[in-house]
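Okay, so chain A shows up in both of these, paired with chain B first and chain C after.
And now, the complex of A and B:
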C-alpha cells in the first residue's frame, strides 16, 4: 500500500513522521513517504489534511515531532531551511518587493557569494527559461500575477536545487493561465530533472501534472499512486469520493466469490463490485462506481436496476443524468452528448447498470 | 471612489472648526513665538519692545566653552542613545510581533512602561540602582538612562511597521539559503527602514531634550544643553539661554522634518 519502509533508498525519505502543535492533536500521523529522484509528487487533500505541514517539514519551517527525513540518506529533519538547499515556490510568491526581478532571482546566488558576473549570467539564463528576460529590471509590484509566479519559479530554480517544493503555486491565478503554467512547470521539471513536491487542493491540477499523487486526509496518506491508480483504483472511500465524482452505494456484504463481492442495499437490491481488503462477509461496505462507468438504457438489461430520472443536465460534451433508485439512493450517470442512445426526461423510468469490475467494494 | 472632503461641508460647520483648530495651534506655538525672538534682543532683558536687533547672544552662546561643551555633550549622548535604543528596540519588536512569544502582552507592557512612568521616579530609581555599580556621574550612565526612556518609542514605531511586514519573505529568504542575520539585513531591514528611522529620530529627540534624568545621573562631565539651560536660569539670566533654546528648536525641527520625510516614504 504505502511504499517506503525507513530503509528504502529514495531520494527523499520521510519515515514515521508525526507532527503536533499542541501536544494532543496530531496534524500528521505516522507518515512514510519515499520520493524518487526526478519525480513529480503531488500532495493532494482538503485543507487541514496535513499536506501543507508535510511540505513545511520538508522545507525546514516546521520540525517533525517524531520521525525523520532523509535526503540521499542524510538526515535533514533538524536542519534549518537555509542549509537544506531546497527550492521553494510560495503560495503568494513571497517576492521581495524592494528588489527588481533580477535581484529577486539572484538573491539565492548572492547569499552564496557567487561572483557578480556568474550571478548575472545565471539570472539571465533562468529568466529566459521562464520567458521574463525583458522584465529583469521591474519591481514585482509592477508585474501581473502570472509574471510574479514565473519570477518565484525562477528564483527557486536559479541555485539549481535538486528538490523544489511548491505550495499551491497557481492558486491565485485564473483558470486559463493556471492551465498554461501547469504545463510549463511540468516541462521545466522534466527538463531539469527536478524532484518536485507539489501541494494543491485542486485535484485536476494533481491528476494532470503528477507522476504520483499522495492523497492526504486526517494527517495520513490515504493512497499513494499514479493519477490513473488513484482515479481508477481507489483504495478507500475517502479517495473514491475526493478524487473525481463517484457514486457510492452502501450495503451489507452478502457474498464474496474471489474478485467479486455482492452487496445488499437497504431495500434488498443486490449489487456487485470488486472485492478489496475492506470487505468482510456480513459487514458493511460501500460500492463506488464512476458516473462514466454507468450504463443507462430505456430497456432492462442483465444486472440493471430500475431508476427514475430526477434531473438531466446538458454539459456540452456530455449529459449528466441524476437518477433515483428504488431505495432512494441517487446516482449520477455521465453519457456522451452525441450518443443517440437515450435522452432522458425528468420523471422517466430508466434502467442503469454497470460491469461489476468497474465498481469497488470499499469501507463503509 | 468618492471620498467626503472638508470642502464639501457647509461653511457654518467649517468656520467654527477652522477657528477651533486655529486657536489650538496658536496656543501651542504662542509661548515659543513670545520667547524665541528675545534671542535677537540687543539688550540683556527679557522684555519687549527691543531697543535693537543683534546676534550677540548667539555669539555669546557659540563663543562660550561651557555652552558649546554642553551642546556637544547633548549631541554625543543623544547619538549613543539613538544607536543603542534603535538596536534594542528593533530587536525587541521582532520578538514581540511573534504571536508565540511567551507572555507577550506582559513583556510588551514592561517594555513600554518607561514612557508612561514619571521620569522623576525613574531617575531616582536609576540613581539608587547605579550608585553601587558606579554608573552615576558617568557618560554611560546617562546613555543607559536615556536608552531606557527612548527604547519604547522605537518599539512602538517598529512594531507598527512590522505588523504590515510579510514574514513569508523571511521564509523565502531562508529557502534561498540566507541565514537569519543575512535575511534580516537584506530583506527585513530595508522593508521596515521607515519605522526604524522614525524610531531613531524619536530616540534622538527624547535624549536630546531630556533634563530630569540628567539632573539625577549626570556629573559635571556630562553637562548637557538642557541641564546648562536649567542651571543658567538661576545663575546668569541673560538671553544666551534663549539663543540656546532657539538652537535646540532648530535641531529638533530638522529632525521632525526628517521624520516626516521618512514617514512619507512609507507609501
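And now, the complex of A and C:
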C-alpha cells in the first residue's frame, strides 16, 4: 500500500462519479467525496438515494459509469473487489452458514494463503477483540443477531484493511443492542485507526457515530459535514427535513437585510429567518425552525404568532405540542415536560415565536 | 386451563377431564388428516395394492403343486427324489389326466420349462399318452411308456425341477431375477440361462443411469447457476427453455430424437455438410442415442431442484467472499457451491432414480444392448407372460432404487433446512 499520500489529498477520493444502470436514470450524479485517513464517514439518506450504490462502487461490486476512485492516490475504480483490500460488513452479515465462526473469520486469510498457525493466531486475536473467542467452533446459525454482527465485523477486520465499509450493519438488531454495538464499533474504529464508510438510513446512528456525515438524496450529496453542522446548519430544505424534526413555513421573500430575511406567508403573516444562499428577494423560500427552538406562551410576546393547539403528546422527558397557525400551517413545539411554563390543552389559543437566528431561510 | 382438584371433588371427575382432553387432541389430529384422505385413498388403490400384488406374484409358484400334488408329495418324501420309483410314474400319469381336464396342463408345462430344459415337451409328451388305458396297466409298464414318450423322464432333471417347484410360494423367480441358476439340464446339472444375463442388465441399467445423472449435473449446474443468479430477461428465458420439454409428451420428445439421429436425419446431414464425416454415422439405436435422449428428457428434473436451492443463497455471500480477497472462482467453489450441494444432490437423486426405471426412450432409440431392466419387465409381462419373473424383476428394481435413494434423501433433508 502506498503510504506516501499527498497531504492535500484524502485517503479515499471519489471524483466526478456518476453511475447509471440503464443509461438514462442516474443513480449517482457528480459525486465528489474526499475521505480522510482514520475518519468515520456516514452516508445517510433515504432508500434509493444512491448511498448504497456509492458504497458498492467503493467495494468494487459496481463500477462507476464516469469518474474515478483513488485510494492513496492510486486509481482503484476498475479493480475487482478482491484486489482492493477493503473490509466490508454486509447488511444481514452474509456469514457463510457452512463454516464455523473461526472458519468464517479466517476465510480472508485462507484465500491469501497464510500459514495455518498464523491464521489461527490472528483469528483468535480478532475474536478476542469482539469478545467471541468462546464461540469459535459454533456455526453462524447458532448465534444471536448481535453475535453474528460481531463475527461479521471480525471477519472484515482480520486481514487488517485500512478501510472498512459497513452497509447498514445494525439494521436487523433491536434498539438496546444497536446502541451498544454502535459504541463498540466506534471504539474498534478508533483503536485500529480505521477509515470507516458507514451506510445507514438511521439518522440517530449517523449523528452519534460519525466524524462527518454525507446526506444523500436523489443521487447527490446534499450536505457534507459534522453531525453538529448538519443538525444546526442545514444547507437546504431536504437536509432540514430529513435530519431531526423541523418546522417548515413556506413564504415569499419580502426583504433581506444582511443576515436577516423576512418571509411573508400565504395569509400575510411576516416571519424572520437567517439568510442563506437560496434567498432571492421576491422568490419563494422555506423557513426551517427546530421544534425545540420554538417558544410557546399563553401571552403574546415580541414576534410571536397566535396559534391554536390541535394536539399535545406527552413523551416522557418532553411534551410535543402541535399547533395550527392562522394560515393553517402546522407547527410542532417541543418543550421540557417539567417546565412549569405552559401545559397546553387542545383547542387553547397560544402564542409561538422564535429567535430569528434559529430559523433558516432555505429553498422552497 | 387449570382444573383444581379439591378433596370434595371425586377423583374420577379429574380423570374424566384428562381423558376428555386427550380425546379432543386426538380428534384435532384426525381432523387435520382429513384433507389428505383423497390422496391416501388414491395411494392405497393405485400404489399399495398393485405393489402387494407384485410382491405376491413374485413369490407365488403354485403351478406344479396345483397340477401334480400327489406326485410332488411322493418325490419330496422319497429317499431319492431324482430317481423316483414306478409308483411315482403311475401317480404322475393319473394326475396328468386330471390336469388335462382341469386346464392346469399348459401352466404346468410352461412352469416346467422354466425349471428344466425340455420340461414343456416332456410334460406334453407324457400327457399325450396319459390315457385311461395306460392308467390300468401296472406301474413298471407305465414307467417304460412315459420314458419312451420323452427320454427326459429317465434323467433326474425333470424330477429335480418338480421337487424345486413343490411349494406354493418360493424364491424361484426372485433367484432367477437375481441371476442365480434355477434351471436344470435333463441330466440334472445346473443350466446357465443363456438368454438373459440379469446381473449384466442391472449393471447396464445402473451405468446408463449414472452416466445420464453425471451428464445432467454437469450440464445442469452452470445452467441452474445462470438461471438462479440472473434476474432479468435471460433468466426468465432460460427457465422457459428448461420447462418447455414438460409441455410435450415423452413420446414426442423421444420420436424427435429419432428424426434427429436417423441415418438421413438432421444430425447426420449436419455432420456431412460440415465435412466432419463422409458417410452417415449409425447414430440411432446406439448407447450414444439412448444417453443423449435421456439427458435431454431428464435435464429439467436435475435443474429445477438446483435452481430452487441456488435462489435461496444470498448473493451477498459471494460478495462477502470477494471482499475478503477471494477470486470469483474461489468464492464460487468455497462459498456458493457448498451451499448448493443439497440442490445438486436432490436433482441428481431424482434423475438417477427416474433413469433406473426408464423404458420408452431406450426402447425406441437404443439398440438391443442398451435395454434396461424396465424393458425386460415389459417383455416378460406382455410377450412371454412370465409374470412371476416380471414381478421379481420389478421387486429387485424397487429394492435397488430404495437402497440407493434412502441414504441420499436423508442427507438432503438434513442439509437443506426443510426446503424439500
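In this text, the second predicted complex is superposed on the first by the 356 of 364 C-alpha atoms of A that agree within 3 Å, B and C clash if a C-alpha of one lies under 4 Å from a C-alpha of the other, contacts with A are read in each partner's own complex, and residues count from 1 in each chain.
Convention: contacts are C-beta pairs under 8 Å (C-beta built on N, C-alpha and C of every residue); 3 or more make two chains touch, one makes a residue touch a chain.
What you see is a predicted model, and the numbers here were worked out from it, not measured in a lab.
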| request: Could you check whether chain B and chain C clash or fit when both are placed on chain A? | output: clash
| request: State whether A:155 touches chain B only (first), chain C only (second), both chains, or neither. | output: both
| request: Give one of first, second, both or neither to describe whether A:137 is in contact with chain B, with chain C, with both, or with none. | output: neither
| query | Taking the superposition as given, does A:302 touch the first partner, chain B, the second, chain C, both, or neither? | reply | neither
| Which of chain B and chain C A:317 touches, first, second, both or neither | neither
| query | Now for A:22: first (chain B), second (chain C), both, or neither, which partner does it touch? | reply | neither
| said: If the shared chain A is used to align the two complexes, which stretch of chain C, 77-85, 95-103 or 365-373, clashes with chain B? | reply: 365-373
| field | chain A positions touched by chain B in one structure and by chain C in the second | value | 59-61, 80-82, 85-88, 90, 92, 94-98, 107-108, 111-112, 155-156, 159, 165
| request: Provide the residue numbers of chain A that touch chain B in the complex, in ascending order. | output: 59-61, 80-82, 85-88, 90, 92, 94-98, 107-108, 110-112, 155-156, 159, 165
| said: Under the definition above, what is the set of chain A residues touching chain C in their complex? | reply: 59-61, 80-82, 84-88, 90-92, 94-98, 107-108, 111-112, 155-156, 159, 165
| In the complex with chain A, residue positions of chain B that touch it | 166, 168-169, 171-179, 182-183, 186-187, 190-191
| said: Quick check: in the complex, which residue numbers of chain C touch chain A? | reply: 314, 316-317, 319-328, 330-331, 334-335, 338-339
